[in-house]
Amino acid sequence: MSAVDYNSLKFSHIRVTLDDGVLVIVIDRSAARNTFAEAFAHELIQALDYADKDDRVRAVVFTADTSAPAYCSGADLSSGWKWSDANPDANTDHGFRDSGGQVTLAVLRCRKVTIAAVNGHAAGVGVTALQLPFDFRFAWADAKIALPFVRRAITPEASSSFMLPHLLGYSAAKAIFLSGETFTPTHPLLTRLYYAVFPKREEVFPAALKFAKELASNTSAPSIAATKAMLNHPPANVEEAHLIDSYMLKKMTAGERNDLVEGAKAFKERRLPKFTDPVDIMKNWAPWWKTLNLAPGSAKL
Amino acid sequence: MSAVDYNSLKFSHIRVTLDDGVLVIVIDRSAARNTFAEAFAHELIQALDYADKDDRVRAVVFTADTSAPAYCSGADLSSGWKWSDANPDANTDHGFRDSGGQVTLAVLRCRKVTIAAVNGHAAGVGVTALQLPFDFRFAWADAKIALPFVRRAITPEASSSFMLPHLLGYSAAKAIFLSGETFTPTHPLLTRLYYAVFPKREEVFPAALKFAKELASNTSAPSIAATKAMLNHPPANVEEAHLIDSYMLKKMTAGERNDLVEGAKAFKERRLPKFTDPVDIMKNWAPWWKTLNLAPGSAKL
Amino acid sequence: MSAVDYNSLKFSHIRVTLDDGVLVIVIDRSAARNTFAEAFAHELIQALDYADKDDRVRAVVFTADTSAPAYCSGADLSSGWKWSDANPDANTDHGFRDSGGQVTLAVLRCRKVTIAAVNGHAAGVGVTALQLPFDFRFAWADAKIALPFVRRAITPEASSSFMLPHLLGYSAAKAIFLSGETFTPTHPLLTRLYYAVFPKREEVFPAALKFAKELASNTSAPSIAATKAMLNHPPANVEEAHLIDSYMLKKMTAGERNDLVEGAKAFKERRLPKFTDPVDIMKNWAPWWKTLNLAPGSAKL
């Protein structure tokens, strides 16, 4: 991909900057309480797609302004539950595709490290699409985390009925979804969901950015991409895992690939490595997984 | 279903009452240490079936008397390991169906919120069938929780070899099953299994009932049913989840359904909603899942 | 199997002794920092195979010398990433089989209780193959636990991309794999991974051995084997679990099998049981699971 000039991009709902290998995406809808709208979703998906393809980007941090009333306060219901007319299939039962789920899939597709810096309250899709699919979540200790679907007469979206138990197990997921209660990040039910929790809103993003830069510097892009692929497309059982990881290890250790040689050398010399292999070198080794056709009319569901 | 008069039901092993939208089921086998017998299982399954179909019931609490020696002390082995002659298939290897598992499936089938108020010690099926399939577990802090199958020369039953790791992951499940040790609800291995833990036996049921009534009042029946369906019949992967939850969200937000309008209105007016939609309105939207034929002789296993 | 004389075995990389029903396997490569080499893997797999088949063995403890610099410091890279010429298929992409994964599968195949006594630092395959597939992990509180694959430009091996989330869920697994950071056993992300943690290296193995002996004495070998089979070969859903565990319970409780009678009798007499049934009595009841053909050239991957 030819280099994107992030400063020149004309986004209306997000701000995007590239900082030392880290693409920082800030939701910029403070006047609308940082609600989630379809136009915002499209821009975010576009930015994640750039991050996936741009070799300069090795990590992504998504965050909000600490002056905003929330990290994301949920779906924009200013016009009620109304779906975009832009998509004619949106009005058929089997053609409608939830925009929260589109964001979830775009985050999971991004082959770089992804971090959500949750520096404010979050509800509904502000948790499901804007937190669960990320590799790491950093949070403000007093952030209100709410998935109140059953109290609003709707259902979990953005693939969250899969992602939340995938991350935490079904005991936590059932309790969180079926109570519809509001939690804070240190609640025992959320144990492990947040990688780091901070007492002040202002501390969350700088810590996440510092962490992202460290990973951007010291991890190998094809390794990150392959590891993410193995975790996001789990094998059916331990034997299938053995076949997949044997194949990946063979590919990863073949030849005189720069990152492999540099990784071993840096380890012996007890110094930090300088990795340069682009993510695309592992492109042809994968995928082992099947992709569903999600186009309206094509899927069985 | 025509309204059931719960006071007139002739149960011998349980007591059933309807209280403000909550069906309370109490195991009534104190003389037999609240052991689990086939006749008890049949009555419990019957009561859960009423709860599923009766629109007045929005939540179920299962509990024991605090004067009983246990919440449930396991299988009734007063006649040894002997299976009911009522079921002629029980004596064939592939025809036998464990009554604990029948209860587990009945609890999971119930489309209302289910809560186990564990106000006494529990062993074997008193944990597997009478706790694991429930949506929430409230417990007495000093309750002895034991799954000693390997110490009795038998194997985990009531689908617990699936349900326990489903709830907590395999590290906890292997340690609990293979040690056969006795734990209390606050043991680190059981983290997240219990939604709330109380120092006194007498506190458990009132707290569970209060919680159940709050959910009965403030959650939408079709939302609870659909969310439970999504969690109890997980999709194969995140893409399939996207198809399922897009479809459910479309159905949930279509038209001028009372609960949807009321949910949005109550949210705007910052008041509690009054939901009235019956659970059956989501009946035709589901299921996306396949059901095994469990009849003796029909299953491959 | 005719009785093995463990004292006479000619192993070069491990020491093996039988102690009160517990097979103790000690990695003996201190001069090489207890690195993982192919020859070591072959010996360990052989010892695990003996443990699986020898009726005198009811539990296995794997450990290291506390005088060694590490429990296992990872792969032996003294000759770089070079695969054994002994296996001609090792040089084809689809023929290579990772030796760490071979160990993982051998540990999982062993039908006796398996315990890893992690009394030193562990990295890479010293965590993946030598800890994750074991039924229980005991650890030294100050042990450094590191899975730094992404920082070495390689990928998770030994089926760990399956086993770690299987044990702990994907939130912990993603954070551990994608950060590549070093943790200690009491870190919140590792909650539940370790059954017991001890302040001193010297305490770990004696505690694990005592625990192993208790289980060797008081658990029934066919029950352990069947329970492990149910946990290591999970059914697809709760209904399939009901079919499998009904079948297993029927088989387990049929006839006048010694362990069943003794288990019930000991329970009534409030004494410890003396179990004698060999593991092979459950051999013909299983398996319900399918096994992949892992031979080079046979697998699709």
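Letters A, B and C name the chains as they come in the text, with residue numbers starting at 1 for each one.
Everything that follows uses one rule, which is that contacts are C-beta pairs under 8 Å (C-beta built on N, C-alpha and C of every residue); 3 or more make two chains touch, one makes a residue touch a chain.
The chain list, named the UniProt way, goes like this: A, B, C = Peroxisomal enoyl-CoA-hydratase.
This is a predicted model, so every value here is computed, not measured.
Counted as hops between touching chains, the shortest connection from chain A to chain C is 1.
Interface chain B/chain C: under half of the residue numbers present appear on both copies, so the contact uses mostly different residues.
Inter-chain centre distance (chain B to chain C, centres taken as mean C-alpha positions): 33 Å. Residues of chain B in contact with two or more other chains: 166, 168-169, 191. Looking at the complex, you find that chain B touches chain C at residues 77, 80-81, 83, 93-94, 96-98, 101-102, 104-105, 108, 133, 149-163, 165-166, 168-175, 177-180, 188-189, 191, 232-233, 291-292, 294, 299-301. Across the complex, chain A is touched by residues 113, 135-136, 166-169, 191-193, 195, 215, 218-220, 222-224, 226-228, 230-231, 234-235, 237-253, 257, 259-260, 262-264, 267, 273, 275, 277, 288 of chain B.
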